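Take a look at this one; I'll ask things after.
Chain lettering (A, B, C, D, E and F) follows the sequence in which the chains are written, and residue indices restart at 1 in each chain.
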Amino acid sequence: MAFVDLSFPDELERFGVSTTLDCFNCGTCAAICPLIYEHFPRQMIRYAQIGARDRILENGVELWRCLHCGLCTQTCPREANPGELILGLRRYVLHHWRRDGHVPS
Amino acid sequence: MEEKRNLASDGSDAPRVGIYICHCGGNISDHVDVEVLCEKAEKIPGVAVARRNMFMCSDPGQELIMEDIRSGKVNRIVVASCSPSLHEMTFRSALERAGANPYVYEHANIREQVSWVHHGEPATEKAFQLISAAAAKARLLEPLEPLRVEARRHATVIGAGIAGLRAAVDLADRGFQVALLEKTPFAGGRVARLDRLAPTGEAASEAILSLARRVMEHPAITFYPCAQVVGFDGYVGNFSLELQVEPPAAEDAVPPSNLPPAGDGEPVFVPSRGVLLGPLPTEKGRIQVETGVVVLATGFKPYTPRKGEYGYGELPEVMTLPQFIEALRDAQADGSVLMLSGRPIRSIAMIHCVGSRQIPGIHEEDASGYLNEYCSRTCCSATLFAANQVRTRYPETRVFEFYRDIRAYGRGQEELYQEAARNKVLFLRFEPEDPPRVERSDGSSGTPLVVRVKDALTFGEEVQVPADLVVLAVGMEPTGIQDLVDLMKLPVGADRFLLEVHPKLRPVELATTGLLLAGTCQAPMDVSEACNAASAAASKAASLLAKGYVQLDPFVAEVDMEKCQGTGSCVEACLADGAIELVDVVVNGETVRRARVVQALCLGCGACVAACPSGAIQVKGSTLAQFEAMVDAIASHEAA
Amino acid sequence: MGINQTLSYDALVVGGGIAGLQAALDLADQDYSVAVVERDASIGGTMIRLSKVFPTLDCASCITTPKMAAAAHHPKITILTYCELESMEKDGQGRVRAVVRKKPRYVDEDKCIGCRQCEYHCPVYVPDPDQGNFAARKAICVPFSNAVPQIAVMDPDHCMLCGTCAKVCPTGAVVYDQKPETLIIEALTAVVATGFSVTPLEDKAQYGSGTIPNVITGLQMERLLAPHGPYNRVLRPSDGMEPDSIAFVQCAGSRDKSMGIPYCSRICCMYAIKQAMLLSGALPLADITIYYMDIRAFGKGYEQFFQNAQAMGIQFVKAKVALIEPGEDGSVTVRYEDQMSGGTTQVSHDLVVLSSGKVPGWNPQGRCPLTVGPDGFISGPEPKLAPTRTVEEGIFAAGAAVGLKDIVDSIAEASAAAMHAANYLESRKKGLGAVA
Amino acid sequence: MGKEQGATKKGADKEVMKALRAARKETIRRVSAQVKEQKKIIASITGELKKGPRTVPEIAEAVGLPAGEVLWWIASLKKYGAVLEGEKQGAYFTYRAKD
Amino acid sequence: MGAPAGEGKILILATESCAYPGADAVGQAHITYPANTYILKVKAPVLFPEEFYLRCFDKGISGIIVMSCGVECPYEGAYEALAKRIDRVYQLMKQRGLDIRRLRLTSICTVCTRAFVNEVKQMQEVIRELGPPGSETKTSEEAAAAAESA
Amino acid sequence: MYHPKAIVDLIAGNVRKTRNPFGAFHFVMNRWWKNLDLPRDGSTLFYTGLMVQSVPFIERITRQLEALEDTSWAPLVGYGSWIPKRLVQVGSLFMTTPKERAPYEQILKDMVALLRRSGVRFAYRPDLDLYSGILLYDLGDQEAFEAHARFVAKRLQEAGVRTLITVDPHTTYAFKVLYPKYVGAEFEVRTYFELLRLQGEPNGTRVTLHDPCFFGRYLKLSHVPRRVLRDVGVAVADVQQSGPLTHCCGGPAESVSPKLSREIVERRVDQLKQTGAPILSMCPICMGNLKKAGADVQDLASFLARRVSSSGNGQNRKDQT
């Protein structure tokens, strides 16, 4: 994996997310998520924390699995707002797709 | 009261042994058939009664014993329970409360040496034989009177770090004369090298100064800088220490202008060194200190990483947390990027558990073959605190923390951890077998170093962190006090820290009565905990000395004048100087030489006992006859 | 209600748990007279209700009962049990003046000999909180087997005044119409050692709010493991099955803003490891799992203890349990993220122990002019150099009352408080001497 | 303590009890009902145990109470000596009535 | 894990400040060892005269381990005196035809749990081999030679 | 799973073109009010945001998508955004039948009845009853959401609307939280059940409430319907995952993965069925989805309406406004 890039959490603030690094990776969000889908959403949050832009864009489609049900945000022990983080990442990814003229395949 | 002083203290009365067997809430009774034991014990010759209780040490348990004593049913007591180190004193005091002599008591250890190590039939059988042996000894026990020795209202504190200062101030306030000894010219110890204290953020210098001021002002405290203990002797209440004082070594030399004037001047704080409290010795000398108790506050030293451990000693950009704290303290406070030695530090990697929580087979032993398997307790919060300081003072300096577990256990510490997250510190978690690797960068990172780690939080993927600086959160090790350990015969634990008698029953006491522990010489602690330990040690010292005398166990040698032939072999054998001497006595109008014991000096070792050709000397409370009786009891039954 | 009695001592200790007893003993050993005021019917605090203690695995009773007995028998210590501190403040002369409400036991303390005849004959069975409510005690009883003092206490809410206890009492100690009394305690100094309490299961919606059978608290597990426990062995409370698979859920309320308290409760990692070790001794075939975020084995000998637990085969799973649900046949399902593989995982256990959050046992607000920190524990002006000092000169605090602490740290701190209290006493006595 | 209250002379007692019973009427009614119910449960459980050693689920089945409640009673009755623990059957211990 | 019947008994003289707490530490660690071991707490084993050991064997004790504090003994010089005494006991044992492996002087510290268990196990093997005291088949000379070569 | 960009573009396009996510004619979707004689004037509007009315459309679309999922046709959905506006609307004409629409329309009618019974005064303006745009927000198309929200807010503000009585959680959340935050439009927003003042005697009836995520969590309103039910003498048997811990019905996943949506709703229905009591929903999307998984679900409003009408008249309280 490339270098950790903490400018990414800063960049996410433009997409309405300021709690990226508040998360201490306890995994409550992943476990409570009704999707019961591997490490979602913590995986995305961790990628955002370490600034793995490429991973987020590669797996961008996954972000739309989120139901925006808010259970992760409700139960997050750190009040890191994982639900809003996922929404912010959606905005970030959509912004990129649109800017790059991304065509779904 | 008068009817209480009955039977047991009356030696002429035939021994009637009471046996009291503890279940220890299953600790014993799960492995030893206590009911059978009780039945059999009652049949031992000389035994008047055998009883059992879930917890003999509890009030109802003790009451059983006391009731039997009061009613005259028994006059010798055997309790079969846990190790005597735990509760021998408990039961002796119960005897005393019931009006009996506390020394007509014998303990059988059927927990640590039976139920916890043997099981089934053999365990019960061994327990029975130990009880038989104890009963055999008990039949031969005689009432003894404790020795009472004058105690000096004086305490000595070794080490003038934060714990030593605290203990000295507390003891002086309590009305004792205090000698405060310090190896270096400075008071303050390791705390003097800190900047601010986690998690609350007060200045370390202020903390030291506030105690140092009181030390300086206090007429009861004598501060001995540059002093080492070279001689140690005596017993509680009457220790004597010999100090060697030497002028400070060249590297510790302090310009006289820096020194506070003698008497009531202000103490002077020298950053990274400590506080000067007065004049330093200018020539070599020896000082004798007579004291009642000794508080050990010898502190810790930070772990020094091996050469090459996380690049330490090989890569100049790698330093320890204590070094970093000093560097950070001295760094320019302005600017958005931390500058160290003229170099901008944009990215700091902090690695936890360096020299702590080491695991055999994974970590390398040090030169003397030791591993620090313990947690150093303070490094997590110190690291988090430093990270927060960096992030708030230098917003463009990034901090990464590589950890195994974040141990922000104390008050305000979890909050530090949260604050670090808020401050955008990135945490990476590693497994001990896959520690971070600190490497020279190939240039792609834009930093001199790169730290690679298999990050458990990123599903075990390898993550690379660019680093301008690597800070190693090194653990604590006890300071090198082997000289004191040898001199004072101090017990040391497997972790090389000084070992208390029992962490809960006697947490600040050493096995030798009158030697007390304060602070990080016992285990890693933060400033609050060290101060608490120091005050606790002071409290124990006060309990010992407040009455002006100390009671000692009467287990000393005693000469049977009838048998003594005055050969003097005992005097030769005696291991304590002058504890036994030959004196002229008149027997049947004839002046003869006979041995005499100086009780306060007698150690009770019994070297004289074996040496006496006529069997005229015994150690009270452990006579040869008693041992013979115990061996008889053990040998008389078939092994299970 | 009038004032029944005014008592004077050198020092007052509020709370008869391990910290309070240690402080009292340290003061009394220096020849000061001490009163210990305890809210419960017995001294001993939380510790006397524990099974064994880490990291030595000594039985808790073996450490606590001697201190209880020593305090109870100490000529300089007066123990006042079943007494609630109503208020405590300094009077005009700088003396500590405490108003204490002595709750009626409905038993004459001087007459009761602790024979427990009343208890054996009482027909009313009442859930026993000292046994985690897993078994009954009677409406009149001696609180527990190693209680100090061994004096019965009656629960008037569960008494039908049938008169049986009075009939069987050999000393005529039952007093049905006993009234509360108010005592004034004057002292030159005071040590507050009011300990902690555990947040109830009801507070944890994610973990079933206390409605899931076989989800219990750590303190309840202590009772199951204790020698005088309700079952004398570890059984599942829903049906008495010997559990085969037991899980510990760490940070069940602590370090969790969504479930209660943001701070770390400090003791839970170690007591869970201890309980796990005891369980693996009691039930050698059982699977034992500890779900944790960070193992905080920070004290002397603790890391080694943790390593030993791992070597014994206790499973440590780095995960925060997100949800606990009832499973089939009394089992309990926990859901967590397996971080190294697999992701969301559900596992069934027979018994689940929650390391619930811990909160202060007493709030000084309105009763005593002490300050508390944002966490609710008593705070003082010198947290580093004199953690036991409070904002009120001459009143000290120790143990969990000043922030959660394990037993070792509580005992050391209690001694430290005693030292400071003694020094304050000395300065006061000097001052008083000068005045007189 | 309790100097004036400790008037446990038999004569005074009756009056005191009468007054107390009046004052605590509601509690007495509630607890009496409870005790009646408790006695029934104890009788049914001990009755079942008299037939032979039983596990908690077996007792629960026989007396029609939730197993958790039965265990509570078994633990309580064991504490006060009316019930003894017996052999283990599978994952459950059996209990028997004290003769 | 007790010794089978007739295997003999091992007497352990353990010093109060080191070896006895060491034996307690074995207990605290719940490490099992043979149950035919009887630990007597002594301040310093230097107390026992030579005949004490011989009498123990006479009484039927099969093996004795003196567990001292070693040179770290709180009684300065006691260990040296003890070592000399044990040497003298060896001489007397040889004279009486007792295998000197039945008596062992060792030092055990407060945390020497493994060393403690090893000592016990070794002595267990010795007495298992030798049987009860006095039943040595070898002559005293042979025993002495065997001991020296070992 | 469909590519989200395709879906977002399709929905954003529909909203841009037709002001609703399905590209349906407004008059086709919104005709429930026709015979109700609702007042048109006033600053307090009964406001559906078209969510309830959308459910039959969603159900129809989902059925089609579900058939397509995991087939090679799936990517073609993306081309939906290229279909001309008119064509989309004409298509929608035939998408739902009156029979499909009726139960949902009845819910709105019941709400109106309940509000009237509680003495609440309000107006209804079909022309102003616009879709909130929340789906765009949820899907991450912030730009499109804000553009649409600005349009809606402007229309309402121009009409002098001050108070909205909302009926579903999504619209409520949009106007209560998102509009002030993103387009600076502040309205007083009340959910209809917050205004209900009903009474009834207990008769042993128990129900189980399925809290929608937005009511239970984001808006913390779950205690209100429970209060209303208690007022009419109905006991609520809650499952563990209720209130702030409620479990998603799976509805929001429909547009991206109907299959996933179905998995989730089946789990939820299993939870709800544990109490054995009839299940009530407060959100049209939830209801549609729970029904799909075979649950017998009624809307809270319909249940309440039946409950009060069967328990007699004359319980109207005084006007609330």
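The working rule: a residue touches a chain if its C-beta (ideal position, glycine included) is under 8 Å from a C-beta of that chain, and two chains touch if they have at least 3 such contacts.
The shown structure was predicted, so the numbers you read here are calculated from the model rather than taken from an experiment.
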Touching both subunit A and subunit D (chains): C
Contact-graph distance - origin subunit C, target subunit D: 1
Interface ranked first by C-beta contact pairs: B-C
Distance-to-centre winner among chains (Cα means, whole assembly as reference): C
Rounded Å distance between subunit B and subunit D, as computed from the means of their C-alpha atoms: 51
Inter-centroid spacing, subunit E versus subunit C (mean Cα positions, whole Å): 47
Rounded Å distance, subunit B centre to subunit E centre (Cα mean): 30
Centroid distance [mean C-alpha coordinates] between subunit F and subunit A, Å: 27
Two or more partner chains touched - positions in subunit E: 28
Residue list for subunit D, restricted to those that touch at least two other chains: none
Two or more partner chains touched - positions in subunit F: 244-245
Parts of subunit C lying in touch with subunit F, wherever the complex brings them together: 205-206, 208-209, 211-212, 325-326
List of subunit D residues in touch with subunit C within their complex: 1-2, 5-6, 8, 13, 16-17, 19-21, 24, 27-28, 31-32, 34-35, 38-39, 55-57, 60, 67-68, 70-76, 78-80, 85, 88, 91-93
Residue ranges of subunit E in contact with subunit B within the complex: 1-3, 5-9, 11, 17, 20-21, 23-24, 26-28, 30-33, 35-44, 46-50, 52, 55-56, 59-61, 72, 74-78, 81, 85, 110-111
In the complex with subunit D, residue positions of subunit C that touch it: 4, 102, 108-111, 120, 123-125, 127, 131, 134-136, 139, 156-161, 163, 166, 172, 174-179, 181, 213, 230-233, 235, 237-242, 244
Footprint of subunit E on subunit B - complex, ascending: 83-85, 109, 111-114, 116-123, 125-126, 129-130, 133, 489, 491, 493-494, 499, 511-512, 555, 573, 575-576, 603-607, 609-611, 619, 622, 624, 627-628, 630-632, 634-636, 638-640
